[in-house]
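Inspection log for the structure reproduced underneath, given as structure tokens.
Naming follows writing order (A, B, C, D, E and F), and every chain is counted from residue 1.
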Amino acid sequence: MYAVTVRDHMMVAHSFRGEVFGPAQGLHGATFVVDATFRREDLDADNIVVDIGAAATALRAVLADLSYRNLDEATDFAGINTTTEFLARVIADRLADRIAAGDLGASAVGIAGLQITLHESHVAWASYARVL
Amino acid sequence: MYAVTVRDHMMVAHSFRGEVFGPAQGLHGATFVVDATFRREDLDADNIVVDIGAAATALRAVLADLSYRNLDEATDFAGINTTTEFLARVIADRLADRIAAGDLGASAVGIAGLQITLHESHVAWASYARVL
Amino acid sequence: MYAVTVRDHMMVAHSFRGEVFGPAQGLHGATFVVDATFRREDLDADNIVVDIGAAATALRAVLADLSYRNLDEATDFAGINTTTEFLARVIADRLADRIAAGDLGASAVGIAGLQITLHESHVAWASYARVL
Amino acid sequence: MYAVTVRDHMMVAHSFRGEVFGPAQGLHGATFVVDATFRREDLDADNIVVDIGAAATALRAVLADLSYRNLDEATDFAGINTTTEFLARVIADRLADRIAAGDLGASAVGIAGLQITLHESHVAWASYARVL
Amino acid sequence: MYAVTVRDHMMVAHSFRGEVFGPAQGLHGATFVVDATFRREDLDADNIVVDIGAAATALRAVLADLSYRNLDEATDFAGINTTTEFLARVIADRLADRIAAGDLGASAVGIAGLQITLHESHVAWASYARVL
Amino acid sequence: MYAVTVRDHMMVAHSFRGEVFGPAQGLHGATFVVDATFRREDLDADNIVVDIGAAATALRAVLADLSYRNLDEATDFAGINTTTEFLARVIADRLADRIAAGDLGASAVGIAGLQITLHESHVAWASYARVL
């Protein structure tokens, strides 16, 4: 099994509801350093997992929709705790949609799985993995 | 599949028996930077894998029992080579016991797997993964 | 010249005023991984630059006053762009006050300089250095 | 499941053929920081996954055959795009051959799987995983 | 003293002349992860050291002129060993020219110093620092 | 001013005397990831700060004398707290001796300064800088 990962980041504000979140119930923010991993069983005709330039561009586009915003005011996430693990899934699903739409090229049809990891600090990170 | 990881560290002394260990047969020591990864299929009602504060506290407690000690004198490990991979399992099993005891909260019953990674230097690390 | 550094982090929300900030004029947030470096010419009687436990506790206290907050609503920073470089100075000055107040122990009188570095992502960081 | 990883690096020149590679069609180069991960179900009699010294030596030998070279002129790779993901497989397969040849010691027969990860920059890496 | 750093990278091929370089006398390559640090005594009216977006764009432009090339064929460097430390200076000087040309904005006149660090692997890096 | 850094590591056991050290008064250990930085005003005839291979070999030799040992039993350090900052100086001074002895080559006479940084964990490090 092969995998290729590209890294980017986003900066957001948000707050959480629920006692489990302690001080993070207040409006605060985070830098998420985001790793997008693409997996496939065999390489394509160019000997790659994915066009890494197209992958980075697609990840950038997905993050641009979320970045420099207060996620508490995002209608998509009304009433939802936008935790690190939840955002990992949002990004994975949106990237999967872009792959399905052909944004990563025709050969990307061979991508079997995606994993998104969000690093919220030097001591905590979360990920979501799915098949395509 | 979702995962959340928290990082902490411990500093121990120990020695190894067996020619394969070369100079590490002498009493020496290590800083282990420890990553504890919690996996589950679905998020809980708060949209999280685990209460990250409780997870960090539990990991801290497990490491405190091992840290700032000469493991050669630990009765738990008498006659055992406390290698990086072995210690990864010890920490995983002790953390699993704490999850079972309810230390990470009621929702932690949904945690399906644990992985512990110990970084012993910038060029070597080891891990142990298990189901719960 | 000797130096010792301890690392911690904080998570804040804020926004900036001024065209130069582009999309960062919107309310967003950041994780700042914070490195506090203490410098001195000679070691103290215990052979250390600073009591590293006391230094970490003092840094934690300074960051706790800023963390999990919307800095736009902090009266201390009314009308001020709380940029990464500005926050580095705030933290340095507050840590200097704690050293002067004796929070880092009597021997800390020998500390000659402080540097605070705030990492805002994997591709950008800022610092402020001052003498004591 | 246990795993042990050792890290080393190599520096090569190469070029790619295919429009998908854009400017990387020109002769350029890369530092690959290489992580070799060895997995096994149970530890051996010494309580280890692998003799980490022998593992590092074997990885060093495999990388020495590739390092400080222009891979475009390597007869092994004639007409082949030596992409990061392709090189990960080459290294994995050559390391597997060394394990089979006994270079990592008799106990290494218990190694169940290998993963090789090549970091080509701070924002991109690729891996190949196989069973033994 | 304040400082702001932005990180980017470039990938080049080159070779060295001189016995001191050993195997690096052959045509090989490197990824250089490049950190550009801007220093100034006081912040500008926006409370920043430099427009970080403009700084990143200028660094990108300087690196684009060098990246995905065989530096042995660069007329600028004819007969010159393009070592890591030499390239650090080239990048520093070219970035200084861009600051002088106004590419980083009018306020950048206050930048007092520049440091460029090139990471060539996880175990080696070089830098060049200059005043403006 | 130019600088070149090489990284290596050592693993030691030791204990400290003094209440300020808390639990670290017990016999424990540490991995120190060691960065040795060489500074000089101008490059030598080969366009380098130092023969990086010779520098790495010299650093390796200095660390080999300290590694895989219980420093409490080292006669050189009898009655001395072998703190991170103290060890940084020991390594700097021993490396300076090797430079003076010609181990880094004739051109190394131009090296103006040395800095040694010891990372003891992901959240703490210390350094010592000196002129030559």
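For the reader, a short list of remarks on this structure follows.
Please note the rule applied: contacts are C-beta pairs under 8 Å (C-beta built on N, C-alpha and C of every residue); 3 or more make two chains touch, one makes a residue touch a chain.
Keep in mind that what you see is a predicted model, and the values were worked out from it rather than measured.
Counting steps between touching chains, the shortest path from chain C to chain F takes 1.
Greatest centre-to-centre distance from chain C is found for D, with centres as Cα means. Between the chain pairs D-E and B-D, more C-beta pairs are in contact across D-E. Separating the centre of chain B from that of chain F, both taken as means of CA atoms, is a distance of 30 Å.
Rounded to a whole number, the gap between the C-alpha centres of chain C and chain D is 41 angstrom. Residue positions 7, 122-123 of chain D each touch two or more of the other chains.
By the touch criterion stated above, chain F contacts chain C in their complex at residues 16, 18, 20-22, 80-86, 88-89, 122-130. By the touch criterion given at the top, residues 7, 9, 11-14, 23-24, 26-33, 67-70, 120-123 of chain C touch chain A in their complex. Interface of chain C with chain F (complex): residues 1-8, 43, 46-49, 51-53, 56, 105.
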